[in-house]
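Chain IDs A, B, C and D follow the sequence of writing; residue 1 opens each chain.
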Amino acid sequence: YGKNTIKFLRLHKEGKKHFVKEVEVCAHLRLTSPQEYLEGNNSLVIPTDTIKNIVLVLAKKNGIPSLEQFAIDICNHFMTTFCQVAYVKAYVQEVPWQRLHEGGVPHIHSFICVPDGIRFCEAEQCRNGPLIVFAGIKDLKLMKTTQSGFEGFYKNEHTTLPERHDRILCGELFCKWSYGECKDFDFDCIWKKIRECILEAFAGPPDCGEYSPSYQKTVNCIQMLVLSRVSQVQVIEVVLNNTFYNVVDMKNLGLTNDKEVLVPVEAPYGSCACTLGRKKFFEA
Amino acid sequence: YGKNTIKFLRLHKEGKKHFVKEVEVCAHLRLTSPQEYLEGNNSLVIPTDTIKNIVLVLAKKNGIPSLEQFAIDICNHFMTTFCQVAYVKAYVQEVPWQRLHEGGVPHIHSFICVPDGIRFCEAEQCRNGPLIVFAGIKDLKLMKTTQSGFEGFYKNEHTTLPERHDRILCGELFCKWSYGECKDFDFDCIWKKIRECILEAFAGPPDCGEYSPSYQKTVNCIQMLVLSRVSQVQVIEVVLNNTFYNVVDMKNLGLTNDKEVLVPVEAPYGSCACTLGRKKFFEA
Amino acid sequence: YGKNTIKFLRLHKEGKKHFVKEVEVCAHLRLTSPQEYLEGNNSLVIPTDTIKNIVLVLAKKNGIPSLEQFAIDICNHFMTTFCQVAYVKAYVQEVPWQRLHEGGVPHIHSFICVPDGIRFCEAEQCRNGPLIVFAGIKDLKLMKTTQSGFEGFYKNEHTTLPERHDRILCGELFCKWSYGECKDFDFDCIWKKIRECILEAFAGPPDCGEYSPSYQKTVNCIQMLVLSRVSQVQVIEVVLNNTFYNVVDMKNLGLTNDKEVLVPVEAPYGSCACTLGRKKFFEA
Amino acid sequence: YGKNTIKFLRLHKEGKKHFVKEVEVCAHLRLTSPQEYLEGNNSLVIPTDTIKNIVLVLAKKNGIPSLEQFAIDICNHFMTTFCQVAYVKAYVQEVPWQRLHEGGVPHIHSFICVPDGIRFCEAEQCRNGPLIVFAGIKDLKLMKTTQSGFEGFYKNEHTTLPERHDRILCGELFCKWSYGECKDFDFDCIWKKIRECILEAFAGPPDCGEYSPSYQKTVNCIQMLVLSRVSQVQVIEVVLNNTFYNVVDMKNLGLTNDKEVLVPVEAPYGSCACTLGRKKFFEA
């Protein structure tokens, strides 16, 4: 089992207009024989340096039409070229460069980095097995300042948490889904649609929001909305790393703090995760 | 000399619409006597815990009309309340929460974190001295994929860098400026205007850009544009942490790479900085 | 599925001598019913805050005799107390405080943080299943400046790496092993013994070292030595994150560099991993 | 003003025994003319790439006898070679590789990274000015579990902190000192001596410790001890980034917690700093 990480930029021009993709690629390989480990026999080993060259050559020849297509290209190349490869996985993650706009006008060759959620994908294949494609978003930080509570939970002698019906809901979202059989999907379009579903399910209607009784239920709402709206998604995993905020008690300071000043609670730091498929329910 | 850092959220409602500011505040104090250090006499020491309480109380009472006004409020409070304070500095930095939009409609209580440059400010004062206000932006990552070169530099026997007239210009920008006498400035409006100047000076006109002969010259262009457009700015400092990209040599792999695939060069990692004022030129 | 992280310090005195353990505990729980996710019904949910209280109460009552025993205590508590818990995992990691010595004399209450490899452990249990204990070390950075090469690897048209018989071997080691049925093991003693095995297998005899034909073979040597010396270990996983160093080519600068000056190669960044058990060979 | 950072390894053999220094070097240059900024005239600019080559060539030719000597060599080279350089500063920081020992026997070519405080130095010079050498230690984490309190501090209506006479004293230390005129100092030996002074002043006698009435007083004790024991030190700056620990209140949980279980307080995060010289007192 070996993996390695390569970071590079792919430029491309249409007339005078420039397009840029900066990606980090991580390729994992497993060989059919463990002889490199057991015997120190390197004759089947594909060096990290060679893997880097292959990824760069593929980027040069094919470009990066979409992250997913590039990951598929990498898998296909390794499976086709090297009979000693038993398993390959290609992870591709994007640096979120966006075209600069000046007064509403797009700039032909200038870009700004806007990391409001990072797009990534994965393609993996075992020899003689199907090619499976995953896509996802990570480091997406969201907050609702109301319409969130946590009540009716299990209580015993170790319980000190009060029930709350108007707290802050804030967290960092990780979301990863798998596609079924891939037949010429428009991966860019689907990804944008799913991102919108996530935001909508998290926030609720713009004029009033929607009450969240727990982080867990919000996770489930996101999954249900994506599965209902995007037919290409087979299974969806969501992890929400919570940031809790406490209303500062200002009684000692002679003030009433009506949820105006809050401090983040560093520990305990919580996280909830759930994986949901079309037919079967997996809770991991 | 002591400082401390506090992170908190300030919520505020207008009807059903929520507004949120999450800030990190760092207060530095220097006392008139070093007796706490030399003698272990704590009688003048203002504990970290008290400083935290004061910052939170000010946020509760005054809100955070702008980062700059909040920093000014903190300085004023410490100078007015504690005669043992010889110097105070308040640094305030914002977590870049932006209102969520769904299909163009702003959401009344949901926010997304968009860190495309972080806004900060500083107010500082010595006893009997003027209050000075600084503002700035940091962690702003920008890239130009053309219209940048580096030629005609000094050469000797240690020079191996080739001249280039079409390279990538990419870096992380830090920009900090001071205001003169503050008379009811609209700090939010000025900050946005300066951010636009920075982007414009970096990128040049949207349809063709503007050639940059060096990182240094681009730094100077940013400073000149801000000083010419924004009269309230007295002195402006710009630091550009460069990321270099090398075109991958693919000759050994039998391919011609016409600035299509590039890799970031981790080391040497460079940086250039300059401070420019209205009358006098300081190069630090 | 939910987890949370708590960091705390446990002090303990024997006469005037102080003992300190600072740990980070992460508890994962899975409940028997997904109703919290699907229906927003919180009646079985054990809040993060309650989990934190339980961990702190256990630390207060039992102390932390060893990381492993503390992880076992946490698992036992949750399984015994909450019938709605289907699965529990407790991860415990230590902040590497070491007693200060002055002129060889140990200090009774002062400590220094020495992060030369971080100790951690994990205990996990499914309802009606056995309790399984893992232990490990991570962030252990090691280097051999000779007795390492990489030759005889697979070559094709994408190969540019030269063969090397005297390179630097440097990397960050992660090592995790499982114990069989735990009957009053001295976990501290076993952990120290395994750490010594790792260092010995990595470095070879002090006077001459031992030639490593690849990162992979070194990984295997570590596993074999641990399995042969420490009978309590059932399965051992090793991951070696490699740092490559290149000898700087100084021909252009008129100098011969005989492996005297080397620079780290940031990308590609490689990693090799292997899991080895007593009877069966798993390569993951 | 420009700077850049280079990381490299310097190997050196004595017979079969290997010696390794891995350093990060940051060179700052300021030129006599700002024409590169103002006019985009690069004719005096020394490219980052050339600076890197010079640093590597110096390491190859001179080795790294000590961090300080290497920093001095860099300054001398730039001042002597380039008449357009008005100011040069060389910062050198060490990766803390230590020789591995097996059963007490030192290994001839294997090393382990032990980051219990990072050694660094700085040499700087203005044209026609003296060469000044600084050295220091950073990221040194220390803890005292008793013999520390904080009492008698200033109180007003915003005070909520109780007085404490038996708290934890824990922090990350940064310490930097300057040497006077450098005449063949044994920099390695002096550095080790100062590190011992720091530990001794922080901890007090091994059998009983010494009471610290505040972080500030501990900072001062460190400075006083170094100045009294090490005559080569002219000025010494100490910054102590405090980590506060709170005894967990377990009354609600029916338990008495006699300073046995404590949690770190993430915010407010404090820091105190002081600079002390031989004759004059500076408090920055």
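Before moving on, here are some points about what is shown:
Going forward, a residue touches a chain if its C-beta (ideal position, glycine included) is under 8 Å from a C-beta of that chain, and two chains touch if they have at least 3 such contacts.
Computed from a predicted model, the values in this text were never measured in an experiment.
The chains in contact with chain A as well as with chain D are B, C. When chain centres are defined as mean Cα coordinates, B lies farthest from chain C.
The chain pair with the larger count of C-beta pairs in contact, out of B-C and A-C, is A-C. One inter-chain figure worth recording: chain A and chain C are separated by 26 Å, centre to centre, where each centre is the mean of the chain's CA atoms.
With centres defined as mean CA coordinates, chain C is found 39 Å away from chain B. Residue numbers of chain B whose C-beta contacts span two or more other chains: 6-7, 53, 57, 158, 160, 253, 263-264, 267. Every residue of chain D that touches chain C in the complex is listed here, in rising order: 6-12, 16, 18, 20, 53, 56-57, 59-61, 97, 100-102, 105-116, 140-147, 168, 196, 199-200, 202-209, 245, 248, 250, 253, 255, 257, 259-264.
By the touch criterion stated above, chain B contacts chain C in their complex at residues 157-158, 160, 252-254, 263-264, 266-267. Chain B makes touch with chain D in their complex at residues 1-7, 30, 34, 36-54, 57, 81-82, 84, 150-154, 156, 158-161, 213-214, 216-217, 219-220, 242, 244, 267-274, 281, 283-284.
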